[in-house]
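In this document, chain identifiers A, B, C and D correspond to the written order of the chains, with residue numbering beginning at 1 in each.
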Amino acid sequence: MSNLTLYSVSFDLVDAVLSAIGSVLPAPLNAWITNADLITGLAVLVFAALLLAASMLNTIMLIWWERKLLGRFMDRRGAMHVGYAGLLQNFADGFKLFRKTTVRPREADPLGFVSGPTAYMVTSMILFGVLPISSGWNSGALPLSLLLALAIFSFAPLFIFVSAWSSNNKYSLMGGMRSAAQMIAYEVPLLLAVVAVVIVSGSFDLTTIVYEQQNYWFWGPLFVALLVFVAGMLAEMERIPFDLPEAEAELVEGWNTEYGGMLFAFFMLADYLRALIGSILVVLLFLGGWTMPTWVPSVATSFPLAGIFWFMLKTYLVFAVFIWIRASLPRVRTDQLLRVGWNRMIPLSLLSVFLAAALVTVKCLPVFGCVPSPGI
Amino acid sequence: MQPEDLERALGPALGPTLVGVEPFVGFAGRLRFRREGALDVFRAVHGLGFAHLSLVGGIDWVDHREVFYVAWSDDARQYVLLSTEVPANDAHLESATPVWPSADWHERETWELVDISFDHHPDLRHLLTPDGYAFHPLLRSFKLHEPEELEVKTRHV
Amino acid sequence: MSEMWINMGPQHPMTHGLWNLRVRIDGEVILDVDPEMGYLHRGIEKISEDRHYNEVITLMDRTCYVAGLSWEHLYILASEQALHIQPPERAQYLRVLCEEFQRIASHLMWYAAFVQDIGLMTPFLYGMRDRDLILDLFQSYTGARMTYEYMRVGGVRNDLPPGFTDQARKVLDWLGPRFDEYDRLCLGSDIFHKRCDNLGVLKANDCVRHGVTGPMLRSAGLRRDLRKDRPYAVYDQLDFEVARADTADVTGRYLVRMEEMRQSIRILRQVLDWLDHHPGPVLAHELPRWLGAPYAPVGREGYLLKRHYPKGVGFSSIEEPHGEAQAYVVNEGGEHPYRVKFRSPVFANVSAARQYLIGYRVADIPPIMGSVDVCVGEVDR
Amino acid sequence: MAGQPGVPFLEIEALRTREFIPAAKEALGDLIAEKGQAKLIRPVFNWAGRNSLFPLHWGLACCAIEFAAAFGARWDAERFGIVPRSTPRQCDLMIVNGTVTWKVAHKLITLYEQMPEPKWVIAMGNCATGGGPFRTAYSVVPGVDKLVPVDVYIAGCPPRPEALLDGILRLEQLIRERKE
């Protein structure tokens, strides 16, 4: 059963349902309803719905994971009274925010105020169609899926700035300014770190990149690139130590000061969607995706949906590292952040590109035994 | 430093401005002066090493008001208490801010609470009470609400 | 972005209380600041004039709500001088015990709030957790977590419960290593140094000019501590060092407060040893019944008669956790103090805000104001 | 067809005008109110609302310290889903934790008005309830209920963190029993 794919699952589901309906209908209707085109069309819709539901569920679980783990780091327990171990807490928060009045300040720009958060969340959700979760569990083979993912990922500062600007609040404005500056500054090292991965794997396709890691994961040979990527990702995700756009201490809530109700829920959700995407990208690019090393006994990798299991486990562990960082590091200042971004991160990422090129040239990985570099 | 030392050091320079120096427990002395030469007194006391002004306060003695200053000297490890009297109907005094910048907020507070005005203060605004607050609560004539009276007043608000 | 004014407060996560910092900024750089106080002005000095000497103690706890016992001590020292009363020695040791525990508790509260200001959230929980241990001790002999009403004119209300000193030693044993842990969490982090070094610099000279006291002054290199310079209670019989740093910046203030907590532990061990071996009365014998009542009387009926004490003026000055606090109590012979005037250290420290804020960035305001340790209750009174 | 009576819920003509959205809202609202809300939707939202109370993160006076202690490691109010938010736009609950002075009164009212509905107020401690020991003072509002409607009063000076948590749980009880 390991050749299950998301599309096959949704196709089978639609097929089964439509056949069941068709079997009780008269012949001409039966033929129409079990038409292959109709099934394909509906399967695509179900596929999208499943993807959306899974990504939302994972995002909400990620918030729960953060609250519980952060609580443990702080010597307390986190949410625990709503649902088992607080599992339903975030659903309660979501429903409540859904019901709250959305207040739009009189001086705020109506178009930007509403469209900013919406676009922010929509662009974050689109990414889930691009990222492969396991072999076959994505929307199909996109030869440039990595580029597409990063391109969509870097839309965010625009929408944050739009919503910050249209809130007509000084704190929001400063938060938006900081956010734009920060994300643009860290976009460059992030992409350069990805270039290192691309050089070694020889592909822009995330699925190919994962399969290139079957012999050795990239975190070892491309350690510098991993560091740069994680730091850049932290800045893109606006998490501590780089959460200055929403620095609570000085900018109240940063660019979402004026947002409440559903629009605030959009922001919150999109933040964690991006956190989830960031963790997924780290897993895909550096930690072997859904593949496991060969020394892992095959019983652990051959059960149904093993790929997804290991993939999600890795993702949550990567996010646990982000939470750990959040629990133990203070926040840096804007100018320091930008200085580090331009002065340290870019040279480091260039170094990582250089190292990757050297690795490919000598076709040899000294640390991990001389495994021939694939794909070259 | 003893009260006699203070008197010896300050007396000739200040002349009639200095009313007298009395002993005060734990202090170098309690120095009374006339308000006309206040700034000279501040300069002279500051010159003796009392560089750190801790406290400015006012007391309403109904017929007159008293302003007192507490300053600390790091060399003598001692406080000195300065006090002067201003008449109630003409309560103003030279500000100590040119000598001790730390007097700024203390004088603002004294002005709004005890109604003693400080001449040449750089920024005499309300500090603790709201802007435009017309009363001076620490005057003896200002009565607090009685609890019973408050009950009646607020019951129907 | 052109210049603009922003209001940080009265409801702002930076303020830790109810005040407003008006800031004029150009981009992220601070051009001018104007602290606006008074949002918590409760007229404590005026209410005190309407209250009995022992009833004022109730207000003292609420004047500075993170260092209630220190303020009680301050007021008690001044009123005892005004009323010419001498407390027994054991009461004085108990007061020192209170004050030093209160210093640790207050500094822990500061630590919790300050490190949260620079974005590190975990220490908030650690600080509150360890502070609760001290509050438990307070609760065991005063009955309250925050508002104690423990000291009395002429002594303290009651003696320690049995087994208190052992429990207190256990808490001190726990706290000592925790401070090292805090240091590792903060000083071990490069980002902490990046954020706090050379920030909010206020040199010793400016500190003195603007009346700044306490850890801010000591971080500028001056070894000034009223417990040493002008010993009150029994501090002259105790052995401790004055914490000091030379950097005059936020890191310096952090170091000074951490060292002060360690010195407080040292003092507390001596005090606990003394208390173990010197039982005795905790309230002066020669008090009249109305002042010596062990519990604060309820209602005003008991005080209808005028009592007459010889007139006097009392002044006290103690090293409160935030700095140098002073009280000036005028006794005109009535049952109420004629005038009570307090000097709050934070009042002066905040009034110098222009000196240590201008020229830094907006993001620096929370760490700098956090290192000042603003307690609005005692500023506004 | 246009304007013909008998089309359910909506006049077709309205589709072409700007009245479409309000009309659709009203129709959908009626539909939900008739069928679903009483049985399904309202209990869900009620459950969500009472289990996720975000209080405003501010400190007035002494009680603010106990308010902070309630979020400390020992009491950990986050167990009940209570997370303080710094901006009133994201809050459901204003905990008035301390003495309210006349100087801050209008700011308190502004903050209350900035909070989106539905919102609740807890008067924490004696000062917020009735002025406390400062009741007679010239600058103190004798009870915050003179300014904003209060749902739960918590006695104590200051109330212990347990009392605060109890007050919030009582508020949850109130929300549960609320009839609209």
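Just so it is clear, contacts are C-beta pairs under 8 Å (C-beta built on N, C-alpha and C of every residue); 3 or more make two chains touch, one makes a residue touch a chain.
Since the model is a prediction, treat every value here as computed from it, not as a measurement.
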**Asked** What chains, if any, are shared contacts of subunit C and subunit D?
**Response** A, B
**Fill in**
At the largest C-alpha centroid distance from subunit A we find chain B
**Asked** Roughly how far is subunit B from subunit D, going centre to centre by Cα mean, in whole Å?
**Response** 47
**Prompt:** Per the centroid of Cα atoms for each chain, what is the distance between subunit A and subunit D, given in Å?
**Reply:** 34
**Request:** Go ahead and note the Å separation of the Cα centroids belonging to subunit A and subunit B.
**Result:** 64
**Message:** I need the residues of subunit B touching at least two other chains; which ones are they?
**Reply:** 129-130, 137, 142, 144
**Complete:** Touching at least 2 other chains, the residues of subunit C are 12-13, 38, 41, 43, 46-47, 50, 124-126, 129
**Message:** Residues of subunit A that contact two or more other chains, please.
**Reply:** 74-76, 248, 252
**Asked** Quick one: which chain pairs are touching?
**Response** A-C, A-D, B-C, B-D, C-D
**Complete:** The subunit A residues in contact with subunit C across the complex are 70, 73-76, 170-171, 173-174, 177, 240-241, 243-244, 247-252, 326-336
**Request:** Would you tell me which residues of subunit D are touching subunit A in their complex?
**Result:** 44-45, 47-49, 51-52, 72-73, 76, 78-81, 85-87, 89-92, 114-118
**Message:** List the residues on subunit D that touch subunit B in their complex, please.
**Reply:** 102-103, 131, 135-139, 142-143, 146
**Request:** Spell out the residues on subunit A that touch subunit D in their complex, using ranges where they run on.
**Result:** 67, 71, 74-82, 86, 88-89, 91-96, 98-103, 248, 252-253, 256-261, 264
**Message:** So in the complex, the part of subunit D that touches subunit C is made up of which residues?
**Reply:** 56-62, 64-66, 68-69, 71-74, 86, 88, 98-99, 101, 103-104, 107, 111, 133-134, 136-140, 157-158, 160
